[in-house]
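Consider the two complexes below, in which subunit A is the common component and subunit B and subunit C are the respective partners.
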Partner chain A sequence: MNAMGFAWRSLVRQPARASLGVLGVAAVGALLFDMLLLSQGLVISMRGLLERTGFDLRVTATDALPGSGPLIPDAVADARAIATLPSVRSAIALRFANAVVLDGSARGLYTSFQGVEGTATHPWTILQGRDIGGGAEVVINENAATRLHAGPGARIMLRASCTNEEQALPPVAFTVAGIAQFPFDTLNGTTVAASLAQLGEACGGNESSEADVIMVASQESAGPDAAVADVAKLLPGLRVLSNAEAVNRFERGGFTYFRQISTVLTTVTLAFAVLLITVLLTVSINQRLGEIAALRALGFSRWRVVADVFCESVLIVGGGGLLSLPLGGLLAVGLDGILKRIPGIPADVHFFVFQPSALQLHLLLLAATAVIAALYPIRIVARLPIAATLRDEVVG
Partner chain B sequence: MVLRRLFVTLIAAALATAALHASDDLPSILISRQLSESEHLDIGDVVRLSAGEAGSAVQQFRVAGVYEPTPNPARLGAVIREVQLHLPDLLKLTREAGTPAGSEYVQTINVALVDPRDADAFSRDVQARMPGVQAQPATGAAESTGPFLVLRRFHLAIAIVTIVASTVFLLALTIMLVDERRAAVGVLRLIGLPIRRIIVQLFIEGALIATVGSLFGLVLSLVSEGLINRFFQWRYDTALTFVRVTPEVAATCVAIAVPLGVSATVVASWALLRRNGLRLVRR
Partner chain C sequence: MTTANGQIVAATHISRIFPMPAGPVTAVADVTLRIAPGDHIAIRGPSGCGKSTLLHILGCVETPSSGTLLFNGNDVTRLSDRQRSLLRLRSIGFVFQRFFLLPMLTAAENIELPQSEANVPKAERRQRTRELLEYVGLAARADHRPSELSGGEMQRVAIARALANRPGLLLADEPTGELDRATGEQIAALLDRVNADGTALVIVTHDPALAERSTRVLTMRDGRIEDETAG
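Right, the complex of A and B next:
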């Protein structure tokens, strides 16, 4: 019988303690797996979201995030000029404002209000009805449609709010052309979108060519880096960011907290697992010293009993590690659901994202745990004095 | 946003500080520690500030002090480069040409009450008398906002998983430890000690071990509290406290850990005690 088979029988002989050991490793492993998914999950998810919008460059007036900085003064003209660059496929100007839809309630429905103008397809997906045309038309997201009980063809009145200062703009009537899905919608957020000109009209009619951001799609043959260089050369007064740079900035922002907390918890979890498996194996070995000494006396080599102990560690950690994957997956879904309730997080962004490298690291860390946890018990059996141990067993 | 524009202008102004001839009647400002460090500004230096990015309508100010910004979790990761001005100075600096003085607005008014316990009643009173104004007690405001509630739930969920994992391991350990004492328990049974008496003994042992373990855990958490806070405060350059072991938290931990430890000991012992004394001592 080889060492693995022998270790298996040793564990099966005491099913309660073996099962509890495996379950403990599974629970700790699940937490470890989740922390590895969390360490890069948000960044990977945000990168995917940015790439799914179809634009790979963002042009803004300052380094501030779109919507929180100053507007680009001649954004429509700038977007048209950018679109003519050979490295650029299309460009759109996008402006963010707020609005209150007058739905008959005392306060109305508070919603975000977007205006778009340019040569590219609009940054949303039509789910029902059609896209906005030339007139006073809007598309709304599903949350807005549900709360307003409005579908394609419905008329809505909204009062825009376009600056940080208190405003009392007159309400403007729009026709709902369709219901759309917006990439950066939050879980419960409502969004209304119109053309930039219509948003400008709703904002008082004085700023119809201003925008928060110009989103640019580069030519596949040129790539985003060439497009960044061309746009920066064309409009030196504006800030140009590729998706990679935007993700890099996001990575360095406040959400690094989750990466830090994942690092701390990964370290604590691993230390906890090593300590407990070492104790489990050590106590188990101490109870079987006589048995191990007898095996040595029967002809088992020192390396063979060491291999038995190591295989026991591998079986406990391996079994728990395998169980930890589905457990960790379920736990990640639950924890993701909790964290996605942070206000302002887009619904399509996830904190826990599976990636092969996380699985590889998980397996590597568990393997290291199995080896390190077995070191002390291995030392005990390797240095076991056969005759003295047998005599103690008989006398005891 | 105003602060950001102020900072952009301030960089250029700081380079020209030495050339400025300061007079004592300049208005005073406070600057954040981070700004002081990054721009090598000190108390008594004269700086020029402008509200416009182009650096128009520049005014001179004297740095009267350097302050540590109030820790703000919502600005975690941001390098806080701030300048605090007297409100009339700020309004004068930011007022657009043609805007009459006194027509400006402010975002927030902080109110210090004679008796802080009146905060709830005061905020209700203000909201009733001034529609459109939102008044909120400062105490507990951070805890009631979305991100912190969510983070609290997240940490609670992780704590529950950790407790489950610890319980499983604890049970495995106690089963082995009790099994190790099988012969001793068998002898106690054979000399006539009733099962109830042995259970009480194991219960007391379990309680003692769990209490000592809990206290050790608390000491460990107090030590790690300092380490974790220092690490994150260094990492984010903030005075924010990330981990705080309060008496309530310590009491909750002990209240969970001691019964868990005792229960694990008794549950693990129960199967052993149901066996016959002779079987227990049999080798």
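Right, the complex of A and C next:
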């Protein structure tokens, strides 16, 4: 019987203890797995979301996030100029505002209102109807369609709110051209989008060339870095960021908290796992000191009894580790659902994102846990004085 | 295997001193002892006189503080821990007062375990285990776990386990200490048979009846062999 078989029989001998260990490791392992998914999940998810929009450069007036900083004064002309660069495939100017759609209720439906102008495909996907054309047309997202009971062809009245100051702009009528999916929509958020000119009209008619951001798609042959350099040279007064740089900024900024929380919780869960297994193994070994001393007296080598203990640790951690994966997956889905209810979080952003490197790290940390947790019990059996233990067992 | 002069163990002026907070305690003092194949030795004496310590030294689980201990001609004090483990595995059998069978293994598996550790091929160790179970009269109990066996049956399994790798020397520490008189008598008879079949036997016992079955009876006091008589 080899050490692994022996360890298995030792665990089966005390099923309650073994189950406690395996379930404890499964619970801790699930939490650990989730922390690893969380540590990079938001960054990976955000990167994917940015890439799915079809644009890989963002041009803004300042370093502030689009929508929270000053507008680019002559964004439409700038977008056109950018689109002519050889390293650029297309560019659009995008402006964010708010609006209240008059739906017959006292307060109306508060919604985000986007205006877009440029040479590229619009940053949304038409689900029903068609895209906006010339004239007073909008596309709305599914949440807005549901709440307004409006589909393609419907007429809506909205009152725009285009600055941080109180405004009393007159309501403007629009025709719903289609229902669209917007990449940065929140779970329950409503969005309405029109051309930048129409948004400018709704905002009072004086600001139709201003935008919060110019989104640029680089030529595949040139790549985003070359496009960033070209745009920065063309418009030195504006800030240009590639998707990768934007993600880096997120990582250095708000996303750092998630990584720090993840690191702290990972450390705590690992420490808990080590303590749990160490205690279980130590208690088990202290109950079997006489048997272990007898095995040593019968000729079992020190390494063999050490291997038995180590294999017990590996089996407990291995069994718990295997259970921790589906358990962690389920937990991640639940926690993701809770966290996505935070206001302003795009529905397509996930906090827990599976990646092979997280699984590899999970397995590596569990393996390290098995080794570290076994160290103290191993020390006990390795240094066990055979004769004294046999004597004590008889006297005891 | 024995030395050229036919001795399995040659202990010369061995002592064992344990350092204690209150001062060193001499458990074995200046003992000289030879064990030859076929010897049937009993060690008697009051509690704490050093019987078990001497047995542990003879069984290479304890090293003497001074003196020389040769096992099959090899100086045990010069062997590494691994070499001493190997020596015990192949040449020495141990029987304990409390049996120390592994409760999660069957009787057969307990007997097979030392053979497995000695890398005996599977078919060979199965055969040897069957022989030993028959030898100790427990062929019908092969698949029983220790918890399903009586004290006498457990000690018989322990003797079979000790004989698994065909040791030249069998050491038994109070082998009847946990058994009633009738069962103890059966175990004593089994140990006699083991000795008669060629295995040297050293028994530590308080039981005069068990000691009288030996050919040499050593009486210890204060760590020394005070007296040796023929059984």
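Methods note: the second predicted complex is superposed on the first by the 395 of 396 C-alpha atoms of A that agree within 3 Å, B and C clash if a C-alpha of one lies under 4 Å from a C-alpha of the other, contacts with A are read in each partner's own complex, and residues count from 1 in each chain.
We take it that a contact is a pair of C-beta atoms (placed from the backbone, for glycine too) under 8 Å apart; a residue touches a chain by one contact, two chains touch by 3 or more.
No experiment lies behind these values; they were computed from the predicted model shown.
S.K.: Give one word, clash or fit, describing how subunit B and subunit C relate on subunit A after superposing.
M.R.: They fit side by side.
S.K.: Considering only the touch criterion stated at the top, classify A:68 as touching first (subunit B), second (subunit C), both, or neither.
M.R.: first
S.K.: I want to verify the contact counts: of subunit B and subunit C, which reaches more residues of subunit A?
M.R.: Touching more of subunit A: B.
S.K.: Would you check which partner chain A:279 touches, where first means subunit B only, second means subunit C only, and both and neither mean what they say?
M.R.: So A:279 only meets subunit B here.
S.K.: Please indicate which partner A:335 is in contact with in the superposed arrangement: first for subunit B, second for subunit C, both, or neither.
M.R.: After superposition on chain A, A:335 lies in contact with subunit B alone.
S.K.: So, A:387: does it touch subunit B (first), subunit C (second), both, or neither?
M.R.: After superposition on chain A, A:387 lies in contact with subunit C alone.
S.K.: If you stack the two complexes on chain A, which partner ends up touching A:51: first (subunit B), second (subunit C), both, or neither?
M.R.: A:51 contacts neither subunit B nor subunit C.
S.K.: Once you lay one complex on the other using chain A, what is the shortest C-alpha distance from subunit B to subunit C, in Å?
M.R.: 8
S.K.: Would you pull the subunit C residues touching subunit A in the complex into a rising list?
M.R.: 52-53, 56, 59, 61-62, 81-82, 85-90, 92-94, 96-98, 100, 102-105, 109, 112-114, 116-118, 161-162, 165, 173-174, 177
S.K.: So in the complex, which bits of subunit A are touching subunit C?
M.R.: My answer: residues 1-2, 9-10, 12-13, 290-291, 293-304, 386-387, 390-391, 393-394.
S.K.: Using the touch definition up top, name the residues of subunit A that touch subunit B in the complex.
M.R.: These residues of subunit A touch subunit B: 16-17, 20-21, 23-24, 27-28, 30-31, 62, 64, 68-70, 165-166, 252-257, 260, 264-265, 272, 276, 279-280, 283-284, 286-287, 331, 334-335, 338-339, 341-343.
S.K.: Quick check on the complex: what are the subunit B residues that touch subunit A?
M.R.: It is residues 1, 4, 53, 74-78, 105, 146-147, 150-151, 153-154, 157-158, 161-162, 164-166, 168-169, 171-173, 175-177, 179-180, 228, 231-232, 235 of subunit B that touch subunit A.
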